[in-house]
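See below for the structure under consideration.
Residue numbering begins at 1 within each chain, and the chains themselves are lettered A, B, C and D in the order written.
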Amino acid sequence: MNELRDTVRAVLRRHPGQAWEKLCAEVGVTGLAIPEEHGGAGAGLPEVHAVLEELGRDLTPHRLHGTTLASQALLQAGDTRWLKRIADGSVTAALALDGEPYTLDAPGADVVVASHNGRLYEATVTRSCTALDESRALGVVEPDLTRPIGSANAGRLREIACVLLSAEQVGAAARALEITVEYTKTRVQFGRPIGAFQALQHRMADLHVAVEAARAVSRAAVAGQAHPSVAKVVCSETLMRVAGEMIQLHGGIGITWEHSAHRYFKRAHGSWHLYGTPDAHVKRLAAARLD
Amino acid sequence: MNLRAEAREWLRVNGTRLPSVDTPEGFAAHREWEQRLFEARLSVVTWPSEYGGRDASLQDWLEFEEEYWAADAPVRVNQNGLFLLAPTLFAHGTQAQRDRILPRMANAEVVWAQAWSEPSAGSDLAAIRSTATRADGGWVLNGQKTWSSRAALADRAFGLFRSGPDRHRGLTYLMFDLHAPGVTVRPIRQLNGEAGFAEIFLDDVFVPDEDVIGGEGEGWRVAMSTAGHERGVSLRSPGRFLAAADRLVRLWKERPDPALRDRVVDAWIDAQAYRLHTTSQGVEASLGKVFWSELDVRIHEAALELLGPSAQMRGRWSDGHIFALAGPIYAGTNEIQRNLIAERILGLPR
Amino acid sequence: MNELRDTVRAVLRRHPGQAWEKLCAEVGVTGLAIPEEHGGAGAGLPEVHAVLEELGRDLTPHRLHGTTLASQALLQAGDTRWLKRIADGSVTAALALDGEPYTLDAPGADVVVASHNGRLYEATVTRSCTALDESRALGVVEPDLTRPIGSANAGRLREIACVLLSAEQVGAAARALEITVEYTKTRVQFGRPIGAFQALQHRMADLHVAVEAARAVSRAAVAGQAHPSVAKVVCSETLMRVAGEMIQLHGGIGITWEHSAHRYFKRAHGSWHLYGTPDAHVKRLAAARLD
Amino acid sequence: MNLRAEAREWLRVNGTRLPSVDTPEGFAAHREWEQRLFEARLSVVTWPSEYGGRDASLQDWLEFEEEYWAADAPVRVNQNGLFLLAPTLFAHGTQAQRDRILPRMANAEVVWAQAWSEPSAGSDLAAIRSTATRADGGWVLNGQKTWSSRAALADRAFGLFRSGPDRHRGLTYLMFDLHAPGVTVRPIRQLNGEAGFAEIFLDDVFVPDEDVIGGEGEGWRVAMSTAGHERGVSLRSPGRFLAAADRLVRLWKERPDPALRDRVVDAWIDAQAYRLHTTSQGVEASLGKVFWSELDVRIHEAALELLGPSAQMRGRWSDGHIFALAGPIYAGTNEIQRNLIAERILGLPR
């Protein structure tokens, strides 16, 4: 797994701006969780999770999220039509989940499917949305009820969605903290790097504790050792907190368009709302645990 | 009719919403709005009547502000002038400066930008490097200012410049024209893509002696004596947050999520606390700055949570949130305010 | 009002251990809010509030809270039997509020009354309680329904109770912070007073902001300019926070019986629950504001 | 049957609740409990079998701990010995020391106290002033230790003593008898009135050479190499907090206040996070210390809020709360942990 992470990180470093195409072509990331008989690598979601954690770090544009979700749904429904071309990267896809107002990666996807009342349907994008997080393509999707595909376990798909999203959140939070730490080492005020001021040090120390815990939870969730809602709650809150502190610790430049802080902040907000806010997941956990 | 009632009625009749002040058309519309406020003698109520004011007390002004923000009236495009420069002129300016500057500020004929920060002088304001050099009949300015709010569209600016080597006593407080030869203004786009701030590059910009406030080398003393105005109640009166908290309560009524009740009520309580803190005993500027800036963030966070998925799209609350995020940073970061509270009020050792 | 505060503070300083008796005898604190025709000073609740703020500072044992509440209830009910002796300090009293499980100052009080369904009754203490906060006398009180006194506005009495309690909370919070600030100026570690470490400075700065806001709210509430529930919420939360930080900032000695920190902490907990927790008052405010 | 299952069954049959460990009768009962654990080979499962252990892996031990705390079994009276001294002896002790000390520790025949802090050496542990002076065949100890947990009733103690002037290299790690001539123990009453801590006064206390660990002047190195054991997972395994969070959830079910739902679930989530963080990748001791100590406070605060007015009376949760409050203080304050994280992990400048 660490080898995969290193490979992805090396591709991202070597090919800024076209990393996604290279990852499809050279690493075959869209086929990682597709069985070999359908042209995939026959690995699993943990591998996709590892790639997403890396992609999340620099908020690299990609379609791995929607494509993976859609391929998992198609596998559930027993529809193998597109799997081979998804695996080789020639077809992109997205999955709209019941009740989710916006679908990630839907605009521009070659294949769009939707889960609806326990079944999977072909679907169309009726509207592209301009979200604050401009690194994301969000769309409103309408299932075509005349074109059913097969059965779909919407609950399980939503869990996968939460876990995959949490990987990106962890990657983004870790990187946002790294950028912040580096900035405070070089920004000098009152004759010292501001990172030498204890009050800021302690805030960054607390963020580090939070990021490491979130990473553990997210990785445990994809391994089936933690509830996906726990991952959604912990990783959403951690990225939100780190991104907010990133802005504050950068001072003025943190609120400029030029600096990357606002992009992490907008990603934090977008991810917060996708697939249910932490509050919604706390409700769900309470229902499961407390009642 | 008292001021509160008069303001409420005037705002009810004349109140309006304008495009963003950080766009050229919005800026112009805000300038016109100030003109109308001025004509109603509502633009500078605390000022002496000779400058278009009403000699209103602090309490009257706080009530005026409550009405102003409750009416959801436009932001004050000239707030740098009204709330930072004007108090400085009243305290340290000459009669000639006041007579020359204040009337055209009150009606927004001249809109002012502040020019405090520099790339290496943010929290550490005394690290200023931009220079003011003696010249015939005035000074020549060189250097770079940044985080200059409103500067992209304003007329004039004020700030500190290095006129000598001493860290504090080598600073002089000057006003300058943003359209003077040698001035270049580069807008800085904020998180929402709009240019609320700008960088100002100064290349041999001439400033006449009459635009020095308080004299050569007095800049730090002058700026610090009115620094509280930037941080505290005159920059952000309780009325703003009372109004924002009320809007939050209304939003909650439209979308009454029980799980968010506590956050809504807590924000509303804290807005009350800020008002009471301010009006009951006058408030140390540093305390007020920490309080209002973090309250503003909490109000907007609660609102975005109430909005749900649509909070991801641009809108009034998400724009307001981005503005609120800057609160703990500008006007002296909250870290600086906490240092001041610890050292000057609590007497903790350095 | 500042003169009254100074007087009280001087008495507290000069007569440690017997301050309460001196305050009754020399300042007539129990008569402050009783009209002159009934032997009181004819001042008002703001004066009582000022005295309570001072008494709260050092957690001085006193009976001003229960006695004031009971005298306000008796005034409401039009029963003047005990007022003169309450005013001159020879009779102590307590008031049990509907639905409140424990009554402050009830054990040992000469006169105990209880509000019940809009009426005031004579009452008896059926049990004394050992609370964590040993500076407080709490009792379980039973109204004697055969001995009605008159009508009582329980809502208004509860509001007064909240406001009076908030005064003590503010006094305690302010003093707890002062003690903490002084300690950090003298405790040396790593060759410096720990109060010179910025991370601790910022925590104390935040506490100062909170205490000053709480003071403003509490004083506004007794002047009728703030909702009593707002005072109960803000002052409960502030004292709880300051007392918790007092322990943490004192380190080891903060958790010992010898040091005063634990007494502030226990006071914070006791006051938190009296007359409804902050959560209960938030509910009430929500009902008033939001519905 | 694996260790987890065996432990669960044994605890189901033998589990008990004992009086407070900080009272003489409670202490004796806890000592007996340890003896029974030892006889079941459950007192030191990670140790080698020659010392009564099972060579259990970290994962096995974490599972054992989960069962232990889920069963609400008694606190480990000898935890200073088991989790602080024993790892030090395994790493730095001599074979003779291990053979002599560990067996009687495993069955709690000898209960150990730690003696790290001094009045002027708390967070700044290297400021230790108590001295160890060379004597014939050993050392003579003088000085004062404080915050010595369990010392009021324990048999022996271990700590650092100043054997030379160098701040770090002048410290030596020694064990001593709490009943030796010259030792005076003064219990310190905690918030709940019980004496979980004590001061130790040392007046010419003789310690033989065999009770030095790691050699003269090696104390700091020895103590720091196993400091992680004091802060991290071996001091406070996730099982404790999982059990406490489950008790909190049960309390909520008895008193299901909807307004407190989020705090209950958040505490439960954080207990899961601490477990996952610990088991998935091994955790830096400083991170774990900050996490578990603040989680423990949150769990107890939520419980007290659920209890309502009766929380003002003494009880299990209020006693637990007071114990939890000490968490951010002992074993290196959380401020010290944050300094370590900032400097050693994040590489921030001093």
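Going forward, a residue touches a chain if its C-beta (ideal position, glycine included) is under 8 Å from a C-beta of that chain, and two chains touch if they have at least 3 such contacts.
Small disclaimer: the values here were computed from a predicted structure and weren't measured.
Asker: If you average the Cα atoms per chain, which one ends up farthest from chain C?
Answerer: In terms of C-alpha centroids, the chain at the greatest distance from chain C is A.
Asker: Taking the mean of the C-alpha atoms as each chain's centre, how many Å separate chain C from chain D?
Answerer: Roughly 39 Å separates the two chain centres.
Asker: CA centre of chain A versus CA centre of chain C: separation in Å?
Answerer: 51
Asker: Out of chain D, which residues touch more than one other chain, so two or more?
Answerer: 259, 261-262, 335, 338
Asker: Counting only residues that touch at least 2 other chains, which ones in chain A make the list?
Answerer: Touching at least two other chains: 197-199, 201-202, 279, 282-283.
Asker: What's the contact topology between the chains, one of line, ring, star, complete, other?
Answerer: complete
Asker: Contact residues on chain B for chain C in the complex?
Answerer: 249, 252-253, 256, 261-262, 264-266, 268-269, 272-274, 276-277, 280-281, 283-284, 287, 290-291, 335, 337-339, 341-343, 345-350
Asker: Any idea which chain D residues touch chain C in the complex?
Answerer: 117, 120, 122-124, 127, 146-147, 188-191, 193, 197, 257, 259-260, 304-305, 308-314, 318, 322, 325-326, 328-330, 333, 335, 338
Asker: Residue numbers of chain C touching chain A in their complex, please.
Answerer: Chain C reaches chain A through residues 197-199, 201-202.
Asker: Quick one: in the complex, what on chain A touches chain B?
Answerer: 101-102, 129-133, 138, 188-190, 194, 197, 199-200, 244, 247-248, 251-252, 254-258, 262, 265-266, 269-270, 273-274, 277, 279, 282-283
Asker: In the complex formed with chain B, which residues of chain D make contact?
Answerer: That would be residues 258-259, 261-262 of chain D.
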